[in-house]
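Order as written gives the chain letters A, B, C and D; numbering starts at 1 within each chain.
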């Protein structure tokens, strides 16, 4: 991300996976109650995006717990451990696999509420999301809309290595269930400056990834980068996009969005999921409910079509919202 | 519902459960491929709302299949049977239990798409929804928002016995996966005139449950009745509500909603589910996207708070949207 | 048998508490004082009582939708449980949970559960946590025969077996899952045979004999505490009331009901205690009356307690 | 052994097809012609081949993420499968599915599956359907060792056992689930012992011996067809390639790899056929060359086929 300029300090540039890796390492070192549980996270593999690399060597089989292919048992065990004094991090490879542990999400995570406030569940769930590697319908979803319908769960969706590290540390320290979603396409060459000093980023605080005046674009995860690149393109025509990355879907920093819409009068939400039942709908409905008067034109959702994710690259690309789709939506309301 | 008046023909008035019971009976008699699979639906019980009563005596253990407590196996078996020439009806008691068979919903129902159109899945899933009997967090959800985020699934939410019968028959005849949701509070004394002649109601066709001019109210299931009673109250003050019951969430009869909003300029959606991630958000976002110019004021969602469902009756009542909440929302935009 | 007298007396008192609590719940439910669904434990008292008697106060249990007996056996307060059933603010869950979610984490009671079989993976987590925290706490996971057909049974117990976690699975086979005869849902004689799929020890006991249950569970608990891993214990028992209150139970053959009435765990234990010279009929009568007083107190507490404010429904989602 | 010569030759040809297909996929994947994830079946050919040889054309199979071999063994077309892997419109799924979703319902192939263990309940449904439609079709459900730790294994097989459905569960134990040594995930010697949890027959066979697999599966298939219910057959085998293409396989001990190379199912079967006088080295060489031609044709078909139009992604959601 950052480009080195003459006179700049030398900074540490870390990838998305390494930034997370540092967060795990720091939090495990800091608090002996933190442990990771999941499939194939141990000695021989660093996880689907390499984010666990080296942790097994450092923390051993006692704190990097490899399970059988038993996601229900794993998620249930994480909840049971969280309710009794530990701080588990449960690694689901892909968000698509949550279907096999969905009772735990829908009906067990709500322990605190059902018990009248008696329990805390300091639990972090990790899952990969997104298209981009032709992984097809069962390994490419993002499920934002599906997840926000689950109560008692906070949802983190970082878009940069810097955010990922700071948010992951907060998620692990949080006394509530949090799901932390990592987009496949962020695992690659993207880097951020990561300070040497420890830092955390609070859940529920949006980040303005780019300031602008004409249209507010709300984007998360990989779509933040598409929004930024669309913004660069439109800038050449004198159209100025403000790109807001809420970073957490729950809690949602509504105020940041309202403030931006007050300024721009226009809102587009780009979200990598099918339109119907998307998180984008929630943002739209919220703004209409609470900031209707700021709106000069209809809110647009730039989402995927209402289909499962297709395999073949051309169709997967077609399915996934991109710069062109966003630019088209912006033009329609400007 | 209907009130007998002097001179009226004598009509058949059936409850929600009996209307469904007739639909099952007619469809099973009509097509030997139709069968029902579920827990405790056989000899000794007629299902949680009595909707299966008498079917076992008539169709026997060959077509009323009682399973172990194995919802994953049951739902998977229904899908496997549907893919190979049968027309299963899978009875989940409550929608809350779908968490234990969610992989089947998220990743297996999409067979047709993943196989490039090769398979049809004529499958009906039944599930009870809703609050009203102090069944607490794990037996009271409606999950509309969660369900619409699943692709490849049609969703039926009837509000009257008449609709229930006609829609259920269509669902069973449909060559696609359909989930049919029955609200607990409709199982009681509510009746409709049910014609002697066979009829079906197409999926995707809204019904205007009450015509009005000032505010469009979109409501489903039990909330339709609350909307109608709010409409009656407001009528006394000269405020006229149009109550639209989409009857199916997917496919959604958008046009009926747009047409109504064009007339009224105002929209309130009442939906029995927590606000964040609700189906109400989807309706709002869709209207904003496609019918923004008709709107004279912000769209309101009347939903439950973002919590699990509490047990104690006073809190459950507080949680569930009602006439007062709806009337309040209407007043805010009129 | 080599059980201290006090423990025997405690077990008797616990069983009577459960029986009387449940009978009163049945009445209060019928009178409309208890909303929602209640699933009563009448007839199965020996199983929960014997099992929990083998635990230390700091040990854990996970329970089921039929959990009142487990809670009482683990030392839960009847007044707070009754208040919860009434939906009162003084209830265990401040009225938010009701019968299917009663919990008292201070007593290691990790909750009833409205989802059949959902407690099984949770129990493994508590056991893992105990080990990671360096304690020698043990977890009893209660589950029904019906629950043993759920995938959670397989995944949860296998994980505990692989990691040799300190869990004792107490499978209460009461012959029915709702209205379904459990023998229609598997092709085995003893459900404990399923332990073979995980390579863990199995025991089948008369679940209406509190001493037999206690002894079997104690062996398993000691094993678990010593780091030797989980066991599966099947308690053969019978549910006397309906699946839920209001269930007409047309599905139960009359002879079966008669047969099991003769096996009433409390009547039989009372006789046995008399034979053993531990408690005379007078003694047990006194206990029964004491308990009746406790139940009255619990109901009074429930009745006199306030309901929570409706808006308090908004609290307790997040810490 | 009492197997017709033609069947032996067919089995040899099938195994060679699978091997050559997979080797070519490995190459095409490395060259970037195949997107997505591919999981190859090299080393396990005897299991799928022997199992499917026991089926009729109208029987069903459910497959896994490692499904190419099952598809070929059930008579699937290599050209359409290769085209699917390339993401082409002529592929089995018109490019929508890819390796993890290959299906040919006309041939009874009910689909590969990207969710481990998800095919197990589906297989029960197909078997139920066969019975309800009054056919005597049988279903083979392929699953991995890893999948046997999933809840679907328990629920799906138990349901089939209770209803005596015509399913044969072929558990391909290749010693690993991804990088995890499968013996770290259960405490049994043979996974087939899990059949005891359901009260169904179990068999353990050398999964690299195609004749042993065929014979064991045939017995189970005949039982299933006769209405005598399901069986669980564990085929002990080994995956030669990585879990997915690109996996460096650091987790496999060198001796283990060496040992299993000696057990190569095709080499051994070739020798055996020569010993039996069924096929000379010349004959097998000819078959190998024929198959090589088929593979070239399949790749040519894939390469020359068009991609589907992007907008066709919108089709096929609903019938």
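To be clear about the criterion, contacts are C-beta pairs under 8 Å (C-beta built on N, C-alpha and C of every residue); 3 or more make two chains touch, one makes a residue touch a chain.
From a predicted model like this one, the values you see are computed outputs, not experimental measurements.
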item	value
Third chains touching both chain D and chain C	A, B
Most distant chain from chain C, judged by the mean position of its C-alpha atoms	D
Chain centre separation (chain B, chain C; CA means) in Å	36
Length of the line joining the C-alpha centres of chain A and chain B, rounded to whole Å	32
Euclidean distance of C-alpha centroids - chain B vs chain D, Å	41
Contacts with two or more other chains, residues of chain C listed in rising order	93, 95-97, 101, 113-115, 149-152, 155, 158, 162, 184-186, 316-317
Shared-contact residues (touching 2 or more other chains) in chain B	67-68, 70, 72, 96-97, 99-100, 103-104, 107, 113-114, 136-138, 151-152, 306-308, 310
Chain contact topology (line, ring, star, complete or other)	complete
Contact footprint of chain D on chain A as seen in their complex	39-40, 42-45, 66-70, 72, 96-97, 99-100, 133-139, 305-308, 310-319
Of chain A, residues touching chain B in the complex	96-100, 102-107, 110, 113-114, 136-138, 141, 143, 145-152, 250, 252, 273-274, 276-282, 284-286, 288-289, 292, 297-301, 306-308, 310
Interface residues, chain D side, partner chain C - complex	149-155, 158, 161-162, 184-188, 193-194, 196-200
Parts of chain A lying in touch with chain C, wherever the complex brings them together	33, 35, 62-63, 65, 67-68, 70-86, 88, 103-104, 107-108, 111-121, 151-152, 154, 175-176
Residue numbers on chain D that touch chain A, as the complex places them	35-37, 87-88, 93, 95-98, 100-101, 113-117, 146-147, 149-151, 177-180, 184-186, 250-251, 307-314, 316-317
